[in-house]
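Structure first, then comments.
Here the chain labels run A, B, C, D and E in written order, and each chain numbers its own residues starting at 1.
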């Protein structure tokens, strides 16, 4: 059966180590496989090209490779390929840094065994390994694609437009922005739950057109329908919408380091440094109204920086401060801002679901307690560099956790700015000694329960100090024809192995 | 003649360099591609390193100079978004845009010219009033709205035409055409109509206005006095003279069509240069933007040249070299 | 020479060349030289105060160019123009340009184009007055404009009208009134009546004559129409292809034309009262001014032309009777004298 | 005053206006739009720009005559609970301001440069006309897109008014070329007319001739172009908004309203798109019709 | 029987301030082979008369009364298509400006053969041969080559010849020439008039020659009609009209022409201006400017009446008055 699906984005290369982009990684996985992979339903790490793994020492992990796996060109998948692929991901021109971080070197033990040596004990190694896909060494060498394709260079490499892996599908054709066709690989080692023999992927940039294509039956599934179209789609007898929680939390960050805010009417001090003000802003937001009226159910109010699937989350830490205008006004008055104040507020307008509308509504809610937020919305390309220069007093950010591990968020968002990814998105420069201590401990702690407890404590600390204003966890809707069945994955990936078409 | 073409080419180079220069001046502000290249996990050090590697940290003059030097060698670098060679990307997209623009131009001309002629000859009749008012509607509706309405009506509700894409294409050498299959034509209809509507109204109004002027000239009066048939007067004499000024505008409009295609292509996911450009803008893909803008400038200049050459073909007064003739 | 005896207008060897070359690149590629058009080539004449000199000649012979040289619309390529003993072109550039402009005015051919359609007559006529700071007071201006209108036979009430509300003859009178506003001494009239029909033409010509009588104006009068020229002028210059070929008193020119071209022109005038008589048209076509014939420019059409005419350019020479002619044939006596001159 | 009024009433243009129902209807529509826009504060039932009055719970209510609608919001509400009617009135104000201001700006620039080029000739003319060529080979939306993008990036903290300034600037920067060309063309014709030469012979200074004589006589086609350009500018603003660089979302123009509404075409909440669309078409149509009529009325040969 | 007979022609322009009567009761006739000159002040209605005859009045102008007969057949009420067969075939026309009368985009030959083949059943080759002959007849040297040239390659005088050739292409019986020489140089003017005269004599066509130039009229015409304010003021043999004008307007017109033969300090002028069409005075239209005006002129409108050798619309020549005198 042919499965035609569409979403807004287009992948930019078939070179698996060249760029790190969620949609692209998902599609690469049809052709290239990694040693281990998430189970689509449980999100536990399960074997793929490796059948088993064990810790030889805290810094040496041994993987046993699956036998009898063949590349699309018929050659065998061996330890050489595995070692080569991981080294390729570690190359200078690779953008896979985050997934090889902490790996020191990889060695071949025998034809079907490899060892991965770590710089320090790494509790999330396996989760990183889910994104390290395997490429044939011989093929790469033959086709001058040994190094990952360099975006800065002047020439394309072969692997940019061609793909050859061990996966369930082979790349048939790819015309960027037009269509991509993949055919079922009859020699695949694994077993399919689904019955798809051909995949046609089309990027359709305009949201309305995407829905039109689904409604007129030109595609079977749309990955990213707009929230406002969902009621209509749900009401349509030929279409169904499945949704699920994404492990991405949307929150607002605040400038907590400047002594005076840029673009505010409060002079000589920074109201956002005052935890009462931050809490007042928090409590002035009616998240239920946002998720109900603007997201139409595509968001679940969140109480902390990570979603429930992420290790470290607990019922308790996920509880929100209540929406309470009176309390908010009172807090503001206590902090000395009874008449409110002006503050700059920046939002992306094409990054998250209905981001612009959400920010508008929040602006309106703050207006009720007297805080005049001056909203500006920017496209992603200009928005991110801008907030990274810490130019926004209040900014919106969404943080997904591909590793399903709280550290990923804590290190980037609330750890004081430092080196090696510490606080790299802590652009409001929140800083708390206890927090830094906890994060540094979590990094190296390998005892899972202890680690989880520390992460919960860190999250609770973040909640208590209102380091950020968590808003909601994004719920991702997928719209498809009635005759299509699939498993909704929390990382927003279409797992083709589960797609069934009647 | 040769001098004329040479002058135009020199002018083309100047125009293109200026366009490139302005573009580079502006690119400083369109955003930072590094965010996309590195993803959200990047550390500040990586970002700095990447920017340096891409040369983005240099002043725009330097970037511009590199661009010029490379462009002079026919080298536009790699797209930051797609990693492919810009020249290759543009070459791949060019046929789609050109086919779309030409189809739209054809529709606009084939419908617009007769409507304009009719409105001029039958000035004041009910039908010509209707044409004039309808044409205004074409000017007043934004293209994107027209496109989406067409999709809503003709593909979702009626299901007559596909809503997106170009359909199957056939490769003729490096040129990929959608015009060899019925399906390709099928896909072309809605986008071409959307793109044509604005130009159509423009051409129609222009033809009408010019025709009214021409119909008042002495040679038309004299042609009537000679007892020529209405057909000969209207289509032989009046229309031909009308076409001279109409040509210039139409020529510029085709250039405009290619540029306007940005919106149509976005709405219909038509894989042309406009779509490439708009995605480059959202990605701050500087090499693609620069090359696209230069190409558009080139197209404009070429079209101007072609129009001027057509002038030579149509208007014998221009054919003699120098001034000559009466005074 | 005292001031009274000196002619008011002295043009000496005036010439104007227009560059009508193709663009530079074309010339380089096609290896063509610059194309220069000698519109006026060495014209000299004088006009006494209170007199009228008429210039006649075929279309394109350079009459208007001479007129524009005199009023400073063009700068001469060569030669000089002295007005009342003063170098006018130097004056036009210098500090007392205004004073000079005040004294020389021009009346244009087309009564429809020479008045700004968006201005009221009052403003049109008052413009030179304001410009030269002669009058600034509103009431005084209005009065003066009224006077001027009256002097050309219009009513002061016409001030409030726009040009399109007047007929051709009336418009031409308005132009005259405007030209007279600064009380000039010298009026250059470039075909002032050729766009008008005979009865209106008579009105305009009469006014011009009356003004000359009353105010002692000096005219340079340009026309195709020899009958009109004969009526208004004291002296007549005949131009051919940018050169003056004959310059004489009106009487002599009409009764005893010397230059073969002048004769042809006179022969071409339709005779009003000889109905049905064919006249002799001037033979041949006007040569291309970009590529004039060598020697005497008239030689291809001239019945008396010989080798010398084709080679050597004739000078304007006095024939001893007050007529100045540029013709080898006349100089050599190859042309038979008309009866009246004998 | 009375005098000029009665003269205007008597003129041919006024007469052709009175006898052209199309022109009258267009003028009425335009007038209503302008009045609404000018007195938006009094005319509109709500103030859509005052965020504290927005009630998220009222989002996406249908127009009053449809089930579920209330008379509080005659034409329904949008996704933020904004009253569409009020948003239309306020949005029309922004659109008209942007349209008019950008046209005025491009007229001033274009006419000035066109006059200069036509009158000075020589290299000034050459340079200015090449500049026009460059501008022409930059499609209008592209320039506007780039400039608006740049403006936003350069003044990220700018108040809304500055954002509009950038918008107006970017639209006018592409608009002036047409005027410059037209005016230069007519100036070349006009400056050789005898009345200009008469002024030169009188000794009037060139600048003065340009301003007092030539300018009024080349303004005719400019006026016609300008009326049409108002509509075009409004649509350009809408298109820019579609491409993401239009008016700020908290004070939406008609274009922004349509862009936002665009997303609701398939969701059944048609009023969010349709009313702003109709409003835009009405404005554009009436201005265009007026321009058209003016063109015919000002052309004496068509009378 | 005369070739063309114009009887009581009235032409009106309906306008918003009432209807303008631009031609009022114009009558005259032209015999075959005759040249009729038409003179009069600008705006007198000369061109309108010509336009009515060839049926090319520009809307909103219309023939509101009277009739036009060509060889006894009425042509003013013919349908569009029938009139087209008369235009060019039986009535030719020449307009003032040779620069603008020819379509710049077609060669002279194309325009000639097109006209010939529209009216005559000939082959393309025959039409071309005929076109070459026509150009030769009108005195264009090297006609075989020039026929493939474009109008702009001809000089003004030659272009006017081409226009004449076009008007003659289908051998019309009548040619309406509306100021054919005004745009031309004096010297070329003489050539064109000569040509027109020759052609009419050799082909026996009648000509209606509209002009301002009395000299041209004197030289060319058999009879002349003087028009004033949309009416014929006087009509008669050319020598008589010029030398013994019967109508005071004609007399004034003749007197205001500068004369080559006599010296006068002032030209005679007719004071005042022709009335506007919407303000034509009662009675004789000329009465406010007429030096010999008397009471009857102000009330009653004169028709053409015999006055010596000509016919004039002037009460001075009324039968009763003459008797009284």
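One rule holds in what follows: a contact is a pair of C-beta atoms (placed from the backbone, for glycine too) under 8 Å apart; a residue touches a chain by one contact, two chains touch by 3 or more.
Remember, it's a predicted structure, so these values are computed and weren't measured experimentally.
Any chain bridging chain D and chain E, meaning touching each of them, is among B, C; the list is complete.
Using the mean of the Cα atoms as each chain's centre, the chain most removed from chain E is A.
Pairs B-C and B-E differ in how many C-beta pairs touch across them, and the larger number is found at B-E. Chain geometry summary: the mean Cα position of chain A and that of chain B are 39 Å apart.
Look at where the CA atoms of chain C average out and do the same for chain E: the two points lie 32 Å apart.
Averaged C-alpha coordinates put the centre of chain A at 91 Å from the centre of chain E.
Computed from the mean C-alpha positions, the centre of chain A lies at a distance of 89 Å from the centre of chain C. Taken residue by residue, chain E touches two or more other chains at 155, whereas all remaining positions touch fewer. Among the residues of chain C, none is found touching two or more other chains.
Residues of chain B in contact with at least two other chains: 29-31, 148, 152, 156, 278, 281. Of all residues in chain C, only 20, 22-23, 25-26, 28-30, 32, 35, 60 touch chain B in the complex they form. Taken in their complex, chain A has these residues touching chain D: 207-208, 211-212, 215, 226, 228-229, 231-232, 262-263, 286, 289-290, 293-294, 344, 346, 349-350, 356-357, 360-361, 363-365, 367-368, 374-379, 382, 386, 391. Those residues of chain A that touch chain B in the complex are listed here as 10, 12-13, 15, 18-21, 95, 97-98, 149, 151-156, 160-161, 175-179, 202-206, 208-210, 212-213, 215-216, 218, 350, 379-382, 384-385, 388, 399, 412, 419-421, 424-425. Chain B makes touch with chain D in their complex at residues 11, 14-15, 18-19, 22-23, 26, 28-31, 129, 132-133, 136-137, 139-145, 148-149, 152, 156, 209, 212, 216, 252, 255-256, 258-260, 262-263, 278, 281, 293, 296-297, 300-301. By the touch rule above, chain D contacts chain A in their complex via residues 50-52, 54, 56-57, 59-60, 79-81, 149, 152-153, 156-157, 159, 244, 248-250, 262-269.
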